[in-house]
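Below, chain A partners chain B and then partners chain C, in two separate complexes.
Showing the complex of A and B:
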């Protein structure tokens, strides 16, 4: 998404990109909402059983009819959809059946913790992958490169929860230094100290699980960057190797890296789901699993829409960043 | 969609400019390394499949046999991978689980490839606004995290293997669709298609006799590349308790059960099944790397599943 334009047009370019993406995002979100609702409508699962649990066997027909009316299940599917969309548009996301709370409250309570975990994880992953990629690309073909590439391919195939279990086995069982579950020690109030200690393992695992793909990608784009004329020019001028790699080749390779990072958001969500579940992190991703296990449709649908919006936003932010970062944009003006 | 790399390609993976570094490979050796990747990849995949079929068969039916006198034993001669929390042999269970996981993954890959090929071929062949709408639809499907969509499908149709297969198949066809579409777009411009059209072949005949056969190799390859991803997803879903029913010893179910065992220090219950999973992915990664080197280097981003 490299756009060559004079610097004074940059703001306009960004605005155009944002407007266009928003325009595309609307049908995508609507499509996802309809798809989720249709899936639920044709599903053989009746939410009334979840509401009553084992009590369904002793409940009278009138009770069930009452609960149905209360949950809004007594009207045809398209009317349920109408109500649900109406609620969405007016900010009412419905009632979560598994948390017995409004969906908006569940999200508001849990979203900050997920954002914290994901941003620390992303930071870990970016630092790790850039370092490894620079070393691997610089010594391309050497044993370090081959070790990093092989390790990258191996880690790529291991789901994050395997890494999580390995981390638990090492840092909590064999050498008990770090806590493995929750946000704080049992009963302890939330404090910076507590959270900082508890976030280490989940964030490291999340970061590490995202690293292989980024390393392999950054390595290959750095290798092609090292092949370009300006790098050859820098070498010809006799600049030190460190300057050539870090100041001349790396910035060129970083542009595709930003795009990849933005497009990597779905995998980050996936990783967060697994990591939060293993480490009992009270975030939104773990709530996805709770909602799914309890077939809590209002929460599940809201979270699906939320992740979709997050993914679209991630791609958009990455593209805007590339537009702003690309030196060719200002060099032209 | 796909930019063809028109730069001349050298046999060496090394950059043409700049200095050569010690330990670099040149000429035929790098070619051999590329081929070795393919041999190792295909060989590894075949070996793993055979092991998954043969080992439970030779070992008898006792992968589910519970033996409370041999609970959580470390690896030994009688139990090469040790035993789990209720005394079942981890090796038998792991290979049996790999078989189940591979079977589920292969079904997913077939579904995804069929959907993706039809979609991609339609999009590439019809072109125009249909192509644009179809491709935006692909973007839309990609905008939902795969696991998320899978979780929604599985949650609403719980407890059936079919739901797991459908949920993975329905989320992984987009890469195949893209590959097939770009293949069809380039094939459309080839002389043999022109010849067929000027020879009076109908659009349907051109598609059936000329385009689809040419699309088969990349489609089959994308199916193979989907395999580790499908295994990965099945494992993740099973681990979350949303996947295969617990009595099917898939890798994901084994690992989910191994969660408590890890806290008790029984690392072997998790390590060996995970190693099988990693070996499968590595084998496929070898095939993928070989193919990438052989064909279009620029397609890498698209096929990096």
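Showing the complex of A and C:
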């Protein structure tokens, strides 16, 4: 444990951490971009099928070859990459082949819906996991603890789409209380209560699928926090159990929880891809699947970069939060 | 600290809601309330609404008009044309007078410049328009005056008016250069059609509203909402709960729920089509190239059996690309009957002897080939399996492979594949693409490289024929020549099945092309429908 640093030093440490991470982020993002293009180049899917659609079956070979040339699909992949980077630097993300719209438009239309879904999902998962972890750790070894731990380990092994299909089977088919899919009912305009009803199932599934890691982690750090001296001291002073657990043990246990939360972000994105696809949620994550199947270079590259940046930013925010919250932690640069 | 974290997350969520609600357009009242509104469900969403990329190519678009559209009897009728096009005596140019006083949805007037711009874009290689392969005969288009255009052809083409169903787009929409897929028309269409697109949430729904200034009179069905529901079973279930006024379904599913939904006033509509499914026989493969094998396979397949077992009876046997629903064009003697005994006898006589495993062999060549099908298409998979089992019965071993089109494409020269397509408007042109030697191995056209001089001659003559009677005679000559030397195994023409709420007048049955869904189907003339009071 390092000596308590004065606030001024704290600020400098945070700045150093952010600067260092940004420096590392640049090569990471560049490498990811190159990897996307290389993977797309060796992909067995051919973008020309996306361009022609059903028209491919009556198109002549000359017309198909001409379309390849006009779309720039006949040039080597490094040249496509060069062209794409050139566009990116001048602020042009290019044209999406699968949505037939500029990439920027696709992202602007879909990103808000994903942010909404992921935020609500995250909220669900944080509330669920903290509540369950507190109950489980408090009565460690009791039947509630055993049930929560067993359930947590089971959920850990279930991929989100299984949860999604189960949720549909229960809440939309067997006991039809919630709509199955989409943003609104068939043809209904986008309104608050429509979206609020439609987001329940996907957000619950997304939140629930992220809960087991958080719950198991929070439970174990809470158990060790309950054994620490200051908690013992609080108990010795005769403070009520509620105050001991929520005010003295939980704060210490929350610090590693924040780190885990930041590290789970990539999983949240993966979960969103599956959940959006199953529930026909018109978000950006479902567009990743469409873009990948159609080898839609510009959209795929933009979305992958966006995801990379989101993950790096998530980890950074979590680390900065820990640094600011816990005086014992020092940024090792 | 929990509180801090919670506040942060809550703020983030609120920001998400706020951002989302800013970008979401809000539109009129919910469906069902208005008797003049209609909610349809479609299993297939178009990639875009750009005519140069194939949308509404056959003239069934609600948003656009072509110069010509087809009526219920498949006769070309003037649409944006003022009257039926006339050909020059040599058949090499067609003059089309244009309908006056028509405006596009954005208010700009329609004139010859728009027609010229549309067809020039089709022919312009830099546009890479996917519909250009449908115009091999077209050399150029010129504006004679503001209300007349002339099309110049490289060879005479009797049914050229039937090719003028391509939707006309405003010349302003084609102002920016580059590939057709980059045009904003794809997502913000501007046409002259009976409906204008009000909203399209890709992957979810599309709203079409009546065009008040439609040149055929404002439609009585004021609003059509098309909901995208890809999965057939889900769509059937949602239809059964009364969520939609109509949908397209696979034949067996449609029949399955027809009785249940008839209580809610839904009617089952079954349309015949020129939409064939066929097995290509590649000529670079020594087994499928053998004339006896090809003739025997055509007699060994139980077409009616496949239709009854796999398509719930919704289909018509196919021996050639010409469907029997077009009696004026079909050659009755060119149909193959189900006769496995005759098929066996032919193979025996040609020296294909059965080996110990039941598979025939000639010399050291076993009667064995691979049949590929698109793995995501269940009808094609079922037909491929039925074909393999019928072939097995006459000692021909067919190995099946379900693949994606990317994997099928490079192998079509040597392995058989299940193909589909066809339209009832110009069967000669479609047959020409599929079986003429000049299209051999050209993309998906004639993938097996079939060559038959008499078939070539008859198809050329049919397209260039001076009148319908001689065209029909040439088409019959083509079918006779093809039946003697079959280059494929045509299996069936598919029936298309729909459920539609029976509360409107104006429905007329049609024979459909390969394209179907909510643009074709019972709603092909929805602009003429009126709500029943």
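Rule of thumb we're sticking to: the second predicted complex is superposed on the first by the 297 of 333 C-alpha atoms of A that agree within 3 Å, B and C clash if a C-alpha of one lies under 4 Å from a C-alpha of the other, contacts with A are read in each partner's own complex, and residues count from 1 in each chain.
The definition used in the following text is that contacts are C-beta pairs under 8 Å (C-beta built on N, C-alpha and C of every residue); 3 or more make two chains touch, one makes a residue touch a chain.
Note that this is a predicted model, so its numbers are computed, not measured.
Novice: After superposition on the shared chain, which partner residues are touched by A:120: those of chain B (first), chain C (second), both, or neither?
Specialist: After superposing on A, A:120 lies in contact with chain C but is clear of chain B.
Novice: Just checking: does A:226 make contact with chain B only, chain C only, both, or neither of them? Give me first, second, both or neither.
Specialist: First partner only, chain B.
Novice: In the superposed arrangement, which partner chain does A:67 touch: chain B (first), chain C (second), both, or neither?
Specialist: The answer is second: A:67 touches chain C but not chain B.
Novice: Check whether A:26 is in contact with chain B, with chain C, with both or with neither, and answer first, second, both or neither.
Specialist: Neither: A:26 stays clear of chain B and chain C.
Novice: Is A:273 touching anything from chain B or chain C once the two structures are fitted on A? First, second, both or neither.
Specialist: The answer is first: A:273 touches chain B but not chain C.
Novice: With the two structures laid over each other on chain A, which partner does A:89 touch: chain B (first), chain C (second), both, or neither?
Specialist: neither
Novice: In the superposed arrangement, which partner chain does A:44 touch: chain B (first), chain C (second), both, or neither?
Specialist: both
Novice: Shared contact residues on chain A, chain B side and chain C side combined as an intersection?
Specialist: Shared contact residues on chain A: 44-45.
Novice: Which bits of chain B are touching chain A when the two form their complex?
Specialist: 13-18, 21-25, 136-137, 139-140, 142-149, 151-158, 228, 232, 235-236, 239-242, 255, 258-259, 262-265, 267, 270, 274, 277-278, 280-282, 285, 300-301, 304
Novice: Looking at the complex, which residues from chain A come into contact with chain C?
Specialist: That would be residues 44-46, 49-64, 66-67, 70-71, 95, 97-101, 108-109, 112-113, 115-116, 118-120, 122-123, 126, 130, 180, 182-192, 195, 250-251, 254, 258, 280, 282, 286, 325 of chain A.
Novice: Under the touch definition given earlier, write down the residues of chain A that touch chain B in their complex.
Specialist: My answer: residues 24, 27-28, 31-32, 36, 39-40, 43-45, 139-143, 153-154, 156-159, 161-162, 165-166, 168-169, 172-174, 213, 216-217, 220, 223, 226-227, 231-232, 235, 260, 265-267, 269-270, 273-274, 277-278, 288-289, 291-293, 295, 300, 303-304, 307-308, 311-312.
Novice: Using the touch rule from the top, collect the residues of chain C that touch chain A in their complex.
Specialist: Going by the criterion above, the answer is residues 1-2, 5-6, 9-10, 12-13, 15-17, 19-28, 30-31, 39, 41, 47-48, 50, 53-54, 57, 125-128, 130-134, 136, 179, 181-182, 186-187, 201-205, 207, 225, 227, 234, 238, 243-244, 404-407, 409, 419-421, 430, 433, 439, 441-445, 514-515.
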